[in-house]
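Here's the structure we're looking at; comments come further down.
Going by the order they are written in, the chains are A, B, C and D; count residues from 1 in each one.
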Amino acid sequence: MDLNEIVEDVRAAMRSELGQGAVADYIPALARVPIERFGIAVTTVDGATYASGDAEEAFSIQSISKVFTLTLALNKIGDDLWKRVGKEPSGSAFNSIVQLENEAGIPRNPFINAGAIVVSDVLLDPMSGAQAIARIERFAGSLANSHAVGIDDEVARSEAETGFRNVSLANFMKGYGNIKNAVTDTLDVYFHQCAIAMSCRELARAGLFLASGGYDPVSGEPVVSAERARRINALMLSCGHYDASGDFGFRVGLPGKSGVGGGILAIAPGKASIAVWSPGLNSNGNSLVGSLALERFARATGWSIF
Amino acid sequence: MDLNEIVEDVRAAMRSELGQGAVADYIPALARVPIERFGIAVTTVDGATYASGDAEEAFSIQSISKVFTLTLALNKIGDDLWKRVGKEPSGSAFNSIVQLENEAGIPRNPFINAGAIVVSDVLLDPMSGAQAIARIERFAGSLANSHAVGIDDEVARSEAETGFRNVSLANFMKGYGNIKNAVTDTLDVYFHQCAIAMSCRELARAGLFLASGGYDPVSGEPVVSAERARRINALMLSCGHYDASGDFGFRVGLPGKSGVGGGILAIAPGKASIAVWSPGLNSNGNSLVGSLALERFARATGWSIF
Amino acid sequence: MDLNEIVEDVRAAMRSELGQGAVADYIPALARVPIERFGIAVTTVDGATYASGDAEEAFSIQSISKVFTLTLALNKIGDDLWKRVGKEPSGSAFNSIVQLENEAGIPRNPFINAGAIVVSDVLLDPMSGAQAIARIERFAGSLANSHAVGIDDEVARSEAETGFRNVSLANFMKGYGNIKNAVTDTLDVYFHQCAIAMSCRELARAGLFLASGGYDPVSGEPVVSAERARRINALMLSCGHYDASGDFGFRVGLPGKSGVGGGILAIAPGKASIAVWSPGLNSNGNSLVGSLALERFARATGWSIF
Amino acid sequence: MDLNEIVEDVRAAMRSELGQGAVADYIPALARVPIERFGIAVTTVDGATYASGDAEEAFSIQSISKVFTLTLALNKIGDDLWKRVGKEPSGSAFNSIVQLENEAGIPRNPFINAGAIVVSDVLLDPMSGAQAIARIERFAGSLANSHAVGIDDEVARSEAETGFRNVSLANFMKGYGNIKNAVTDTLDVYFHQCAIAMSCRELARAGLFLASGGYDPVSGEPVVSAERARRINALMLSCGHYDASGDFGFRVGLPGKSGVGGGILAIAPGKASIAVWSPGLNSNGNSLVGSLALERFARATGWSIF
């Protein structure tokens, strides 16, 4: 099968799986997304895209945005970031605070909520919140090569209104001095980044630099150094799916980052960037059908990194 | 540089690093190994081996043996193993018991001590302890293609005499019904497997099946299915270095498994199996100079999987 | 020795102990209190008071106020309170959040910070913050039978400015639905109650109802039922000194509640209410000299409840 | 009501409560005890005993024996004991190992299993196991003033055969150097002490020294110093019912120690020693009906220490 056939095969095979899991319901804008949606898009390092299903429909990428903000933060302050956030899987849920208390306010990795909040704090300083948010939005749009990429204000507002756990995490770290700006400002950035909306096509395009050594193979523009791109991929592999990261690596064999909106971005280094979307989540908060789709895709392509 | 040059370069570069860290001192046989030892061996999938330093000297592979017993257990009971042991990084030290209490006696993964004890328990049943130990010894020797591979009885005895924490872990799981045999029998297998001694040359050869899709590329014999080989590699990546697994993946970019004797086995899928050895350990219990050597090696070869 | 002599003896014996420990320094108003201060006051159920040292000097009673707000909350909603807060020692520090995550946002007891914040939330609803604060202030003044009792606004402001951990705890519980009002409103009540200032003489008088079956033996007015008074005493015994509650019960043998301002209120049921104050804290955050003073006092009077 | 009437009233009131909870079923000898049993005995400091129900039937006192072994250990090595075991409530289940890992093998208090195992270890050294066990048995019999008190060998054997968690705890502490003797020898003492069988009448008599300042008020013989007796009572109050200790103090208001055989020993200092027995346990492993009986008894007598 060529890539086009594989993508269609995956879409066809997922049809009977749709409806499983549960759509995130903590905010209205996510809760009303139909659970039967499924999209997949693959962009190869030569710039070609293969897509199927609801691949043009924008969805809330949520925690997948942490990959892009991590990239920005590394470009901004380099390895100093690792003084404020770790590189290890947490062995806990995405929003756990236990680890923070045991480790003096240093989050385990930049992909759990606490770690991503620190990353937001890095991006904020010394910009204003509005500037930091605009910077993230522009970066995502530029990577996706699309003017349609933007922040869903309703989602951002809902996140802020219901995000007590994130407020708790941020204040906890502030108590340890690991948040430098006002907590409300830092969280404003964080809640907005989580509200970025993209389609699978845009998301696959946006992740392409991670599959091609850190530069955009279409434009030829550098995004991060090759070493940083590899390291971001390594973190996605070990920490990208919260306390189910090991299982994702085991079954799919590709670095990936999931979001509670049902999206997953996976990277096949040297080959392609893959985006899937299906809003039904498993008990770990990762897209149930999206994971199955990637497992089938990886088996068909033989692109497992292992 | 060709592989021969790279191996020599790594050895040369490590000379000024030797002596760092601390040799494991909980048993005499490990404590008396000179900290300045350093060996490296690389066996490529075409069967060629490149070695330097103390690559012919046998050392205690300790927890690296968990890769081989996991392979045997998967061949024996297949995916039923995953009912008794998880696939996730633990976020804790190699000998932590906290996670076991929180998760009803199911160890997080087969590479922490508790998980490997469950694997030993699988291999024991219905064999006698002596048979199970002999089976593991033969398997390791066969993979290494060497008659010299064997179990160091002094080490095994010392492990048994001082291994109170492992006795604790095993009894804890027995209380939850996750150890089927008598605890002393299961631990006897576990303590013996940890006492396997190999040289870097032998270890690199023994790991080769994981670099070549599960079969021995020299003899052509199957060891495990290609999918299982990939999955073992995935587990090594996410769990092979205890609570420093993320950092190893980040810096080296290869699946690896360390042992407290100072050895590390790393796999470059499709390319080679690499063994390094230097007995000085860092604070996480992984070979300090061995990790540096693999980081340099991976950079020079460009073999990072990311 | 009669009570007067005992009180003087305790004061004299403590002279050589003064200066030990460390004054709380997280807010300026506490940090500048001289560490050599020491006061003691004993009010017996017949209304007599025996005092010595700096017994007339007002200090920040901090967490001792939790005894008074618990009393108010029990009078307000009765045993329904125990649906939102437990009655068990936490085994953890006063500001730990680990227990909250493990137990779904229900604090272990009303004397750790999280529990007292829930109590504040109970008192707030449906009053306004200003009314709730005024209610607490009046209650404390009335119990102390003093117009001088009041809230130190500088302290309250400083608590609010630096209390990130408490903000974190409150938002964490809000995420579990265990805070009913706006977090900022609830915390405003909490920060103000902690800022109540009293002298030892006033504090001993204020605690008298707990020594006399729940009513004020001087005025004859009921404060709480006899059973509730006993139960508040029981909670003070098992939970009043955070993770050093066992040791306080062991050494002093009286129910007691400490505050980070250096005060301790102890109750000898049927006999007297005792207040001591000395700002140097031990590593658990309890008054070091205050604890020694109470230990000596309990031994001299034979008032241990055990 | 006089004491005789109160005891009969409690028995009568408990009739409709019998059958609640669950009998411990981890060993056959406990599992086959009829759940409807109920006994109560009160021995006052003047030596009189008031008993009702199945007060003459021997039952396995299990963890209540920890009170007696603690007494022996304090008499043997004094306050040095507190270097090896704490005095704080654990906030965890009776057999939790989490706290041990976080606190370097020092159990929180002598009434959780780990702490009692350390106490057994103290009693063993330098006696033989048989001598230590005989010493404990004689001490219990002497306190109970009864030749009928003895160790149930079937129970002891069953404890040893099924006590994997206790084996785990002991080995864990051995790994930290907090068990001095061979683990099997220490546990042999521990398992035998748990198998002491007594009737309510005997148990109430045995606890009398704790109600009377440390000496036996009938024989006039000293058992422990008055201060130690008070301190043992304090520990019973804060730690005697595992993670329900706070609730027991709250509801009953007396120091107490429960056992999984359904017995509870409670102390009214200066007044009496009370034993109740009913084998149905609540979810915390404490006698459900026994707790209700003591609550009613304490209310009727007004003997709450608070």
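Keep this in mind: a residue touches a chain if its C-beta (ideal position, glycine included) is under 8 Å from a C-beta of that chain, and two chains touch if they have at least 3 such contacts.
Just so it is clear, the model here is predicted, and its values are computed rather than measured.
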Problem - Euclidean distance of C-alpha centroids - subunit B vs subunit D, Å - result: 47
Problem - Distance between chain centroids, defined by C-alpha means - subunit A, subunit D (Å) - result: 55
Problem - Inter-chain centre distance, subunit A versus subunit B - centres from mean C-alpha coordinates, in Å - result: 32
Practice task
Would you mind listing the residues of subunit C that make contact with two or more other chains?
Solution key: none
Exercise for the section: Treating touching as the only link between chains, describe the layout with one word: line, ring, star, complete or other. Expected result: ring
Exercise for the section: Throw together a list of every chain pair that touches. Expected result: A-B, A-C, B-D, C-D
Fill in the blank from the handout: In their shared complex, subunit D is touched by residues of subunit B numbered 96-98, 101-102, 164-165, 167-172, 174-175, 183
Practice task
Report the residues of subunit A in contact with subunit B in the complex, numbered from low to high.
Solution key: 86-92, 99, 108-109, 229-231, 233-235, 237-239, 243-247, 249-251, 253, 255, 269, 304-306
